[in-house]
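Please find the structures below.
Next come two complexes built around subunit A: one with subunit B, the other with subunit C.
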Partner chain A sequence: MTASQSTLVLKVLVAEDTRSDRQILEAILRQDGHHVISASDGIEAVECFRQERPDIILLDALMPSLDGFEAARQIKSLAGETLVPIIFLTSLTETESLVKCLEAGGDDFLQKPYNRVILQAKIKAFNRMRELHATMSAQRDQIASHNRYLIQEQTLAKQLFDNIAHDDCLDASNVRHYLSPKAVFNGDVLVAAQRPSGNMMLLLGDFTGHGLPAAIGAMPLASTFYGMVHKGFALTDVLREINDKLKAILPIGLFCCATFLEINFRERIVTVWNGGLPDCFIYRHRTREVEAVKSHHLPLGVLPSTQLKLDCQYFELEVGDRCFLWSDGIHEARSCKGEMFGEQRLKAVFERSDPGRIFDAILESVHEFTGSAEVDDDLSLLEVVMVEPGNASSRSMPQPAEHNAGLMEWKLDFEVKPSTFKYFDPLPLLLSIITEVPGLRSHSGSVYTVLAELYSNALEHGVLKLDSTLKQTPEGFARYYQLRSERLEHVDSGFIRFHLSHDTRENGGRLMIHIVDSGDGFPHQDVLNPRNRSAGYSGRGIPLIRDICESLCYRGKGNEVEAVFVWSN
Partner chain B sequence: MTDQKHLDGATLDMLQEVLEDGFAGLLETFIVDSRQKIDTLKIALDHADADLIRRNAHSLKGSSSNLGAVGLVEITQRMEEQARAENLAGLNSLLKQLDSEFQAVESIMRQKLEGLL
Partner chain C sequence: MGISSSVSADGSELTILIQGRFDFSAHQDFRRSYESLDIRPRSFAVDLRETTYLDSSALGMLLLLRDFAGGESSTVRIVNCNPDVKKILTISNFEQLFAIR
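On to the complex of A and B.
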């Protein structure tokens, strides 16, 4: 075989002290096209290896100055992770010497007299091994590098997610939660924020799948949630928007089971929408009874929003009552025998624990049940306690930088027509215009409360003609909300008009809110009488507005209301 | 051919084919180096240095086998074995055989070399 017949060209080191033997090997190798380097003793062989890095080495076992065994050891150590096959040249026949060659790092032997065909075969075989080794090492390094890259990406993705979910109220004094630090990569996501009204909104989601695919949906979910909740959008609007985003982004088969809670501390009402997560629990601290809130909906990201059912369940709570949310990690936690934790064990924890201990007791019993900490990664738990309004505050909401110039003196008339009531909540829109006034943004919570209370009175009593006395009993309360959604569905007449105007004053301004509805009004003299607080439109809302506003008065037959909000910095 | 008992013709033919122009140099090298090893063997035997005898005999056996010098291989093999066993008796006679065998090999190789010119 000549060089032209073989494309295999290797750099071969021949270390052999007998000149004639060396000449023969060199000749055979050169004829095969290889590049040959020669050494005549062990020291020279090691030095040649250091400088030339040959691919394969033919090494005489018995050489002066440094024998082949020691040379082999030094060369193998210099080669490190690279596989450099060493073939010992020997006429040694004793087993002991052959073993010594192998122990020194030799890979094979070539007996004298040299046989050209055998030498060629050995060189080919060892070159294949060398290449295989190099490929494997490269692939191993590639896998390691991919893994490093993946971890970097996950860290980055986690940072991005944390940035989005940063301004939350998960640290509020009435909220406790347990989430693995890598929860977002298990598909679990928990977001919480306060509406301008002071209501707290919380969403626990569980995306199908694991890893980055499960985490991808968490970003739009969280950014939509925070963006909309802070602007005062209603729960159903936020749900619809998140559903639309996820439906558009996620591939078929990827969706998000979620429970959405809104806590109204002022009215002590909890609104629940559960789409596909295990029953969440409402826990009454007085009776120590648990009410399970079942999922009545498909997960988010499955249906187009036109088909998404947005009806919620409402619960009246007392201060000290608690809501518990979880993903299926708790129910599906397995013991070493493969048994699942299940709902029975979960209920038992509620029965035997003091109200303030339930959260910890759940985690403890799951850990005890599984007997390991491995379950932690898939376990998400949230507890929210009903507290007095104002006791649920956390870090203040981020305040956008104030601009000196902006909307100062203005007037706005805005009318909501029948076909719009069902689909559109005008408050976020109006609030966003109002908060264009420099300095007024920091009062957006108060302004929203006033607007929301007056609008909801105008809508529920003026347009939908609901009787607020219904809300005085628990049955009536449920009936009230049922009627509200039924009538909202079919409203075909009526209007609500907003007349908003703003004047500047030294260090602040004065916002006039004038709302007129198409309803029949009411004997408003009673409402504003402090001795008659529970009569009229609403039991709790009106006195609060009177506290916030400089003045509040009803006009006409009671279907017109004017509130003046004065602010200064 | 009487040459065959000293040198294997097929091996030499193969070497000539592989080494081409280097073949003459190979034979010259072998003759010079082998002579040197035989001289060393004589000195080693004078000093009864079994290890030196063993290593030189081993080395000469290897190079002789590569050139197809079958007679030399046989003698050096026996010398190596005796030296390893540290049995130096009779090595003098083996060394004489080695000397004459080498002369025979050298003379055949010289003829080959002249034939190449």
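On to the complex of A and C.
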């Protein structure tokens, strides 16, 4: 006996009605180290199988009470998915009988008289098959279980994604969209929300790659988008933030092609930023002409935001004009011949369809072209119509009446000390506090301008004691800013105090900006006189503030200024 | 933030592109972009397509450029303004001094 034979111990059932034959087989098998169970007829054999679950069965074809064929059928049925090799023991030689053995569920046969070497070889071979079958069954069960788990996970992930994206305005009356059910896991993402100012922002993104990695990238994109748009951040701020997030989390090679739209219903202006998606279309309903808006940018998540170009394209629309966005799923949809749908066919749809029918016509044409439902896996389409302000309603849009929640009435005193001027710009900090006021963020550009102009006056004239009359000549202008940086480097006295307060008004509020500097002031009676406007290259800050603010006045010797900014949405 | 400039093929127009914030910190680069040329171009364009913010000192710099370009007889275009930047230019009535597009 070899070492490998000694390790192979199987439980073998021998069912044979002839006692001598049975004993021969038992002897051979025991000598080889196997555990043997014996039965002398078919009924006994089935019962032994039921109780002992042997690994391999040697079954005589012709036995009393229940023959081998029927016993084999019953045993195979009891074994279910487990492979229990049955080797028929037979003295039959006619082909028909041998075939009958195999048809009854037998795996092989052994002819009398028994040859020990052949029996050993067959037992070894069938044991290999048995083990292979067991391994395959286990692996198949594992795969099936993994697949169930994966589908469960995807369902959960989809729910999670829907929860993040639930407060959108994709259901607004002027928006139509089609996102194939599996699109989330193909990396397509579509989000839409309303800014406090009433502008609508929409972003269609297409992540490179498929499956879970692409879907994961969509999560921070959606949550950043909704968080920032509702707070009133500008398109460029939202883009920069999303880009930063994606750049930080996505591995090299994974990025997000995206088109970002902002619709200003009051001014009827559409702002478009396209990074890597196919041309989106602006459709003029009067002339039925299409203007393609090309991608001028790299996709999101490729460049650090300092290098990301944020310039947008602006379009003036009329009520009834439409914007169409898509991922490359439409252009790349293939017919059964492998041909792609392409831009020409897309343009043809626009030429032959009525304005209100284009959206449906595109989907119909693509489906007709591909002739199968497979295209659904990768198809995203969005249509936005320019409507009168207030007509873009959606049941999930935040109501503008929410002004009463949040930081509404407050007062803040803040002083900048000499050692800080050189290193710290207090404006972003103050602006971020001010724009915590719900609804005020949409005016952050104006508020920033007022704060920045007043702060630079207080710093440059009050603390650094720079004289703006220097700025009357080009050389003086340069000299002025040279002095500014020199003095800022060595400043060791002075202060600037901000006293900010806010209270509510109907549909808005009033922000008081009171700034005091440590300087000597100036004859402010003159500066507010319009006749003294535009002398040299300076003096444009104050008229700017006066235009933006409800009122602007200087106090004391001119080192105190108070600006009142009144806003409403 | 950055300022770059290019002269048209025939040398007749200088385009100055301003990226990011256009404020006092840009004044040296801005001035250098037109003063350093050997031949003075006939016209100037300031491209604000990538300008995110503009303050009153930038208004002063635009006036410097206008005077450099010949004052009343100058041709200075300000192009590709975003709405926020355009608002500041409009409030300051700069469309009376520049061709703003």
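The rule we apply is simple: the second predicted complex is superposed on the first by the 393 of 569 C-alpha atoms of A that agree within 3 Å, B and C clash if a C-alpha of one lies under 4 Å from a C-alpha of the other, contacts with A are read in each partner's own complex, and residues count from 1 in each chain.
We adopt the following convention: a contact is a pair of C-beta atoms (placed from the backbone, for glycine too) under 8 Å apart; a residue touches a chain by one contact, two chains touch by 3 or more.
Bear in mind that the values here come from a model prediction, so they are computed numbers and not experimental data.
*Asks:* After lining up the shared chain so the two structures overlap, which partner does A:Gln23 touch, if you call subunit B first and subunit C second: first, second, both or neither?
*Replies:* After superposing on A, A:Gln23 lies in contact with subunit B but is clear of subunit C.
*Asks:* Contact-wise, after the overlay, does A:Asn391 reach subunit B, subunit C, both or neither (first, second, both, neither)?
*Replies:* A:Asn391: touches no partner chain.
*Asks:* Identify the partner contact of A:Thr504: answer first if only subunit B is touched, second if only subunit C is, both if each is, neither if none is.
*Replies:* Touch partners of A:Thr504: none, neither subunit B nor subunit C.
*Asks:* Looking at the overlay, what does A:Gly541 touch: subunit B (first), subunit C (second), both, or neither?
*Replies:* second
*Asks:* Quick one: name whichever of subunit B and subunit C touches more residues of subunit A.
*Replies:* It is C that touches the greater number of subunit A residues.
*Asks:* Looking at A:Leu62 after the superposition, I want to know if it touches subunit B, subunit C, both of them or none. Which is it: first, second, both, neither?
*Replies:* Touch status of A:Leu62: first partner only.
*Asks:* So, A:Thr135: does it touch subunit B (first), subunit C (second), both, or neither?
*Replies:* Neither partner.
*Asks:* Using the touch rule from the top, collect the residues of subunit C that touch subunit A in their complex.
*Replies:* Interface residues on subunit C, with respect to subunit A: 23-24, 27-28, 31, 49-50, 52-53, 55-57, 59-61, 63-64, 67-68, 80, 82-84, 87-88, 91-92.
*Asks:* Contact residues on subunit A for subunit C in the complex?
*Replies:* On the subunit A side, the touching residues are 234, 236, 267, 269, 309-312, 314, 445, 448-449, 452-453, 456, 471, 474, 477-478, 481, 484, 537-538, 540-541, 543-544, 547-548.
*Asks:* Quick check: in the complex, which residue numbers of subunit A touch subunit B?
*Replies:* For subunit A paired with subunit B, touching residues are 17-21, 23-24, 27-28, 31, 62, 91, 112-114, 116.
*Asks:* Given the complex with subunit A, which residues does subunit B contribute to the contact?
*Replies:* Result: residues 11, 14-15, 18-20, 22, 25-26, 29-30, 33, 55, 58-59, 61-63, 65-68 of subunit B touch subunit A.
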